[in-house]
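Per-chain numbering from 1; labels A, B, C and D assigned in written order.
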Amino acid sequence: MEIISTLPPELIRMVFAVIIIISFIFLNAIMMGYLERKIAGHVQRRPGPMEVGSHGILQLVVDGVKLVGKELLVPVNVDRTLFRLGPILSFTPVILPLLVIPFSEKLQARDLNLGLLFIVSMTSINVMAILVAGWGSNNKYSMFGAMRAVAQSIAYEIPILLSMLAVVLMANTFSLKEIVGAQQKIWFILLQPLAFIIYIISGVAETNRAPFDLPEAESELTAGFHTEYSGMGFSLFFLGEYTNMFTVASVATVLFLGGWHGPTLPYGEYLGIVWFFLKVYFLLFFMIMIRWTYPRVRFDQLLNFAWKYLVPFSLVNILITAVVIKL
Amino acid sequence: MKRYFSDLFVGGKSLVDGLVVTLKALCQPMVTVQYPREEIDITPNFRGHIDLVLDPEKNTFRCIACGMCERSCPSECIQIKGKKVEGKKKKTLSLFTLDFTKCSLCGTCVEICPTQALEFSNEYNLAAFSREAFHYDILKRLEERII
Amino acid sequence: MRESQFQEPNRFFLNMGPQHPSTHGVLLVVLEMDGEYVLDPQPVLGFIHRMHEKMGESRPCQGFMPNTARMDYVCALPYNHGYVSLIERKAGIEVPKRAEYIRVITSELNRVASHLLWLGAYLLDLGAFTPILYGFDDREHILDILEDVTGSRLTYCYYRFGGVYRDIDDKFVEATRAFIKRLRKRYDIYEKLVTKNIIFIKRAENIGIISPDMAIRYGITGPNLRGSGIAYDIRKNEPYSVYPEFDFEVPVGERGDCLDRYMVRVREMEQSLRIVEQALDTLPDGPVRSKVPKKIKLAPGDCNFAVEAARGELSYYLVGDGTSVPYRLKIRVPSYSNLSCLPELGEGILLPDLVSIMGSLDLVIPEIDR
Amino acid sequence: MMGTYEDFKTNVMNLGGDVTETDFHQRGYHLEVVLTVDTVRKFAQTAYDHGFYLVFVTGIHVLPETVEGVKTSGLEMVYQFATFDRLCRVKARVSVPEDMTVPSICHIYQGANWHERETRDFYGIRFSDHPNLEPLLLCEEDKDFHPLLKEEKKLKSFEEVSWPAQRPDMVDIQTETSSDL
């Protein structure tokens, strides 16, 4: 106990935050996996998982146990170091962005004054993981997936940044807490609808979700970059994907949907998290619906769309924003 | 340039339309059933593997062991044997087996039977761990029903 | 398998299949690639080759009936139809009118079922998961209807020489009419979800263009040919059964790309429904089976019968020798010729486009391998 | 160059092909053409010029005969063609010589490529100038196994499996199909 009291309180706070966030990541992946399968089921007029627990609510827990229990296969002739590094690299950086996201006024692990930049830099490590996994697998399909992921990521980082920049111009800060604070009166989605749309589209592309799921394009590349992975290796990618989705949705909430703002609740500075989560999961629901509705775009169409539509529109948007603010 | 914008607006609208379809489906009732818990009634015309007809009057089979089905079967999956029983003029059926692993359910045997002694069963829940499980003893199946 | 053609260091081989999600069965396509560009796709066949032709030559012609349904299991009734008509032509067997009507009705329903399955499978190739389930939902109604009359759900053995196995009843007529109504209502869903979808159009438009000359050189038939603007349908051009009595159109495309092939199939479903409707309206009474000798003698000489299966021209070619066992039975399956154009069609395109093309060709591998 | 039906017939006859009109309702094809190995390619070219597509290529195994001192292989090649713009099915027949080699037509009809490979699989007929005469439906190990070759005792002579020689009045019962083409 004495050692703890000698530690700086900030460190203890961070350790707690990391523990909470890691457990939340697992919970989120389980919830998202369940939601995705249930929604997919109902969209397709079938019930989805029904067997484990009431309405299959424990299905993902069981699946997780199964995945953990599976043998970790390392195929011959792969680059062992990179092959093992891939999943870890995909999982680790996704924890970090959650540290700076303000879930409510007082629920934030750490408010960085460059929080937005921190998130952007951390989420882009994910593509590194895909590249490492694809290269290390020594499989042509995996390699295709990796190359696609890199090109896709480069193309979509730019409109994401530009659409964020429009908000930053409005709020005049990079700190997420202050951006939310600036939306006290009016949410930025009303002032920046174009930026919001661009952000959501690029965000879906950034998380490699359908219709932009080219790195794993099932019907073309069997499973893309994670073709060779089994058991925990696969599930870390799975965790990474869902956490990334959560991050993208939370950032959208922070930037455009007024973060924790909503009708006043008791203990508002803490319970704002309710509003925050409602907004995030609404966006996630939307992302899931998209996946189960549209066909996959082709690779060059994806890049064309980014360079011909998203980048010019976001540039125009910034220009207009800047001019209006200056006036 | 015109195409550039028309793609954007027409395309955008088509995407919204598509989303409306799936959102509507999300609220509609399911069309599937949870199979082992619920089962859909199967049509009485379903053609499963063959069975011997139980003649309600005689309370036994109608088969006269003529072997027409055995000869007509394209997959040679029926095996039939008759034996002489004392006191009866004709042969009596003593063995009727079906190798269901080979049967292609064409129904030739049922149609060719001169005494209409064969029918299709209605069983479709067929699964087993060994091939031998599908070597049915049709005569035994009938005898079980006689009681 | 082939000589190495690696003049340039960037080229490599990629094995697509035999267990690839978009080869729809056990088909292997060996792709020579440069990056994501396919330079030379070569299909490798024969993974589920069963030598149906030899089976046809080694048993009396009745015994081959169940085999016909096991080539193209998605659309088995036209295969039944071709075979029974062939033997009827060879042996000079008369078929009652009602039986021919029933054959047409069930064959057309089967064609709709096949196209619905194809629609879903094609969209699955393009990465949309939901349409296949909607297609299955509708198809299931057809299978229920057909199961009630044929006794099986997929590998039908329903037609008999000189008729059909079982007469249809009012229940069948009612269910079929209800289904036609239902499917027409569902067009809207497919149109909004798929046909008008910009992503789908972009994935199918101007991809895999089959020119009429190419169709001639490869013997491409069926919707794949009609997509190229040639109105060639055996049901119209070489009328068999009672098809001449019905009023239906042969939908054609313009450019011959994947989108045209898609549109042709979608419009064909409506035409098939029209045929079924007319046939139900004018269904004659009478027997459904004529007297046929137990042992059918196939006179010496050859004989051909072509029908329009869901994927194109299906020809049975039989050589008789006076016994009841065919001396030679050749089965010309449509997908075999349709797939053979892939090396030319898939030259220098992107891998996703190759998947789109293969999906739009509507391949059924057991039919190709026979 | 799309000629009429009569043109096609004349062109084929000029090649040295033996053309017979047949009863479509009985046989399912309109024209029977008997070719030799030398005329196969020319015939294919003519058919292609007239807009015919290749339906199939296959073989028939019959009893080998000795015609004019030359022993045949007993194999018959059958080609079937049809066309999109009118109802006309053509069956062409070639007797395979003893060296088992027939000219390939896959430079004219690319679709014949697979059909010929299949025929090689099933009968062992070789096709000269074929770009890639590898096993297609059968596997590499079965290269010398030809399943459709019949056993000796099951073989029948070609006459036994063909229509009885055409009666002179046969042409009169021609159906309307071939006359209005």
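Here, contacts are C-beta pairs under 8 Å (C-beta built on N, C-alpha and C of every residue); 3 or more make two chains touch, one makes a residue touch a chain.
None of these values were measured; they are calculated from a predicted model.
Asks: What chain lies farthest away from chain A once each centre is taken as the mean of the Cα atoms?
Replies: For chain A, the chain whose C-alpha mean is farthest off is D.
Asks: List the centre-to-centre spacing of chain A and chain C in whole Å, with centres computed as mean CA coordinates.
Replies: Their C-alpha centroids are separated by 44 Å.
Asks: I'd like to verify one number: the distance from the centre of chain A to the centre of chain D, where each centre is the average of its C-alpha atoms, in whole angstrom.
Replies: Taking the average C-alpha coordinate of chain A and of chain D, the gap between them is 64 Å.
Asks: How far is the middle of chain C from the middle of chain D, if each middle is the mean of its Cα atoms, in Å?
Replies: Centre separation, chain C to chain D: 25 Å.
Asks: Touching at least two other chains at once: which residues of chain C meet that condition?
Replies: 130, 134, 137, 193, 197, 199, in rising order.
Asks: Would you mind listing the residues of chain A that make contact with two or more other chains?
Replies: Within chain A, residues 43-46, 292-294 contact more than one other chain.
Asks: Which of the chains are touching one another, listed as pairs?
Replies: Contact pairs between chains: A-B, A-C, B-C, C-D.
Asks: Considering the complex alone, what residue numbers of chain A touch chain C?
Replies: The touching residues are 40, 43-46, 140-141, 144, 147, 210-211, 213, 217-220, 222, 291-301.
Asks: Help me check something: in the complex, which residues belonging to chain B touch chain C?
Replies: 7, 10-12, 14-15, 17-18, 20-22, 25, 31, 43, 45-47, 72-75, 104-108, 111-112, 120
Asks: Could you list, by residue number, the parts of chain C that touch chain B in their complex?
Replies: Where chain C meets chain B, its residues are 59-60, 62-67, 70, 130, 134, 137, 144, 147-152, 155, 157, 160, 165-166, 189, 192-193, 196-199, 294.
Asks: In the complex, go through chain C and note every residue touching chain A.
Replies: 12, 14, 20-22, 36, 123-130, 133-134, 137, 193, 197, 199-200, 202-203, 350-353, 355
Asks: Report the residues of chain A in contact with chain B in the complex, numbered from low to high.
Replies: Going through chain A, the ones touching chain B are 39, 42-47, 50, 289-290, 292-294, 308-309.
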